[in-house]
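Note that the chains are named A, B and C in the order they appear, and that numbering of residues resets to 1 at the start of each chain.
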Amino acid sequence: MSDVDPHPFVDPEAPLSPEADRPTSGLPAGLAGAEQASFVAQRPLRADVWRRFCKNRLALAGLVFIVALLLVAIFAPWIAPYDYDERTPGAFREGPSSEHWFGTDIIGLDVFSRVVYGARISLKVGIVATLMAVVIGLILGAIAGFAGGKTDNLIMRFTDIFLAIPYIILAIAVATIFGQSVNSVILVLGLTGWLGICRIVRASFLSLARMEYVDAARALGFSRTRIIFRHMLPNALQPVIVYSTIAIGSVILAEAALSFLGVGPVPPTPAWGLMVSEAKSTLAVAPHMLFFPGMAIFLTVLAFVFVGDGLRDALDPKLK
Amino acid sequence: MLSYTIRRLFLVIPTVFFALSFLFLLFFALPGDPANLIAGGGNRNPDPGVIERVQERYGLDDPLIVQFKDYWARTVRWDLGESFGDRRSVNEIFGEKAVNSLRLAFWAILLEIVVGIPIGVLSAIRRYSLADKLTTIGTAALSAIPVFVLGFVLQYIFAVYPNKQGWPDWTKLRTQGLGPDTWAFFVIPTGEQWRYLILPAVTLACVSTALAARMTRGSMLEVIRADYMRTARAKGLGERQVIYGHGLRNAMLPVITLIGLDFGTVIGAAVLTETVYSWPGLGSEIANSIQSRDLPVLLGLTLAVTVAFCLVNLLVDLSYAWFDPRIRLGEDVAA
Amino acid sequence: MTGATGDTLLSVRGLKAHFDTPDGVVKPIDGISFDIHRGEVFAVVGESGSGKSVTALAIMGLLPTLEIDGGEILWHGEDILQADEQRRRSIRGGEIAMIFQDPLSALNPVHKVGRQIAEMATIHQDIPKRLALERAVEMLDLVGIPEARKRADMYPHEFSGGMRQRAMIAMAITNKPDLLIADEPTTALDVTVQAQVLQVLTDIKDEIDSAIMLITHDLGVVAGLADNVMVMYAGRQAELGTTDEIFYESRHPYTLGLLASMPRLDDTGDEPLLPISGSPPSLINRPSGCAFHPRCRFAEIPGACDRVVPEPRSVRGTHLAACHRSEHLEGVTVEELRAKADEVELLAEDLGTEERAANLEMDGV
């Protein structure tokens, strides 16, 4: 996972070759495949997944944090003592105090309240943009994987174009065009973040489409749509879910970076990245302006990473 | 290998063509009047007279096809246009700044390889140990910190705070810009230069090092479980020899790809890092051109960076192919 | 036992071992004993999960997480379970060599074949690299690979499946080991190639005067090659004897079941195939008593079969069977079982047991 790059389609933890997909059920690799097969459990049930997930303390902590953040975002007006653009006259760049828990910024805005409202922006961008990317990626990946051949080639060439342009450049370019607002950031990230998902779904569909049970289904007269939706999609869904969760974190990082660079929403929008950029000139005097929004970004992204990792391990612990 | 190379070369050319055309579309053809943008930007309302002049100056009122042709005519000549601000040639700007970015990138990637890969290998070998768990959490944390936040934090710790406390000069690191221009062998900082280099380089390195460590760990873990490792043990080799003699080479293959992919990340992180440290490289130049809405510079630099990126990817692909004999020699099975 | 013309090379006595896994304690080996002599081909037969591979890997010492609970493995009289890692390493590849199932994944894809074979030599013999590469070419030639010198300079993926397996054999015999363990050497190969590779194995065995421990689930392979056979089930020995004894005078229901479930070339086409009902037991939770009793058509339940673990007992000389009912099985042949497929209930009644599973009749197979 990287900074401004929500398509780390090289997932560091994912198997790099088909061989690694062979479950080992905790037994040493010394045993031949046939022997291993007899020890393998079936596909995990929902309860099992949940149980395994909970055993992972980091993942659980991440989940708790995200839920808390969601609540904070939803109930922001009740939680934040001030409005995000409400100035306290005379209180410029003050450190944390009892009136201003996180201190104030250059023009007297309460940092705590802004961080709280900022949660809305980050979560909104994260979730909506990722959703967009997932939908696009799913559709394109499914078509490419299922149809194969020329269609696949075409779609892959198309993604290559996006890949050829370094991600940040692409985001900046698109953002510059779309103007500065939260919604354009969402658009930008949604329209550029589908590459990783597309690749995963395509790989999944490519291998599944060749499997015998698809032929069997066809022989039984199932329509192609049905095959895609009922049979192939659920299989592809598993890695997509894991990837998307981590991707939300990546998107939030990207949004922060774009805001920091000045391509995102304009002041006084309380975007966390924007708040950090405002701290640049007064680092010596007002480090709290950097610290709190920075911490907020960090913890949020970390939470999504842990949850994503935890999901992956819970869904298929054999691969650990 | 030769046929593979030729095939890849043929693939690159259309890809670059489409990518650059796509950039053109973005900047000049999509909604969002570029002249307006150059003249002042979407949220400020520039004087229509200014807009007109801009249009004339840049031929933006010509039909799209003409613009497109012009664009390509200039591009193949490698004429990246002129800055709107000070009429300087973008080529010149590129030349000036690219050097600095390269220096920074060199050290960052060096750090990434020298630190990241061994950490990944070691944590894979000593799986489940304390060191491994720490590494896993550490790398996860490192990849969750925004680069610019990390940059500021480091700045604070190593420069701002010592300043405030009045520590002697020799303990402080520099955080703004480039020092006096002394470089040996193009990349080695001399004199006080290293003080200026070290923080930006470390900051830039952090993100990619974390990724490299995780990637190497994953690759190594997979390799350790491979059948040929078992065979190597069955030959009577000691574990150390098995891992380094047989495993490492195989584990490194996907890591090569990573370094290539990583270049895109490095570019992104570079833009942010250079901004934070005011390091006069391509990254901060791009960031500045965003602020000043200097579209020609932005487009020109974007173009240049994209082409460089494609070339690097091509190189990485080819070296992967060379290192993996299965690809180098083709998959033909001799009878 | 026939075929055991030489001295005893390997002697496994009462071997028991377990793994600790997150799902529980797995016991892949629960009391195995057998001997292998010079010049002998000793086959270990069983389904997946019977513990046959684990046994081989335990001998080689390639399972660091396997905990030995008891028994000994005597190699030339030395208990190698007590030996230090250095000694075991010198045995590995030097005195006992192993061939694995899938040669494509078992050979390192980024090293040339010649180099991988030469490595075998440099580890165990103190010879310079150049000489080792010469040896490698010799070995490739010995296993019948044409243009050995050229081949040594190639990578594994450039070989065909059969040639790859031969290369593995070449690698294994580099140090003239006394024992060759072959773990499913032909399973990954085409049928036509299988015969060739097996031939190479036997020729080599004679050439270097070693023994072979052949692990397989394919009874056909066993019939052609083996001198002695050990049938394993759920980590325990079911039966041990010469090939003839196992095939024609079997005294264990599992062995009989295996034999009866194999289609034969001389079948006319409407003999039923007799599958063994049920599936292999979990090695974490074995059935009480005899591990096979839930699937056994001769089991006496309730009785010894579901309460007492049967120990291998001599049914004739060195022919051992671990079954409480082995006396009753004297004279029962596979033909009989298959002929009386519909009357299996009668047969069972004969022996005083309750009805067992149904059969699957396949016409024209």
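Everything below uses one rule, namely that a contact is a pair of C-beta atoms (placed from the backbone, for glycine too) under 8 Å apart; a residue touches a chain by one contact, two chains touch by 3 or more.
Being a predicted model, the structure only gives us computed values, none of them experimental.
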Middle chain, criterion being Cα centroid separation: A
Highest C-beta pair count, chain pair: A-B
Centroid spacing, where centroids are CA-atom means, of chain A and chain B in whole angstrom: 21
Centre-to-centre distance between chain C and chain B (centres being mean Cα positions), rounded to whole Å: 55
Rounded Å distance between chain A and chain C, as computed from the means of their C-alpha atoms: 50
Overlap residues in chain B, where contacts from two or more other chains coincide: 226-227, 230
For chain A, residues that touch 2 or more chains besides their own: 19, 30
Residue numbers of chain C (touch at least two other chains): 62, 100, 102, 105
Chain B residues within the chain C interface of the complex: 226-228, 230-238, 246, 249-250, 253, 323-326, 329, 331-335
List of chain C residues in touch with chain B within their complex: 60, 62, 89-94, 97-98, 100, 102, 105-111, 119-120, 123-124, 154-155, 157-160, 168, 171
Interface residues, chain B side, partner chain A - complex: 11, 14-16, 18-19, 22-23, 26-27, 30-32, 37, 42-43, 137, 140-141, 143-149, 152-153, 155-156, 160, 163-164, 207-208, 211, 214-215, 217-219, 222, 224-227, 229-230, 254, 257-258, 261-265, 267-269, 271-272, 275-276, 286-287, 290-291, 298, 302, 305-306, 309-310, 313
Residues of chain A that touch chain B when the two form their complex: 1-5, 8, 10, 12-17, 19-20, 24, 29-30, 58, 157, 160-161, 164-169, 172-174, 176-180, 249, 253, 256-257, 260-263, 266, 273, 276-277, 279-280, 283-284, 287, 290, 294, 297-298, 301-302, 305-306, 309
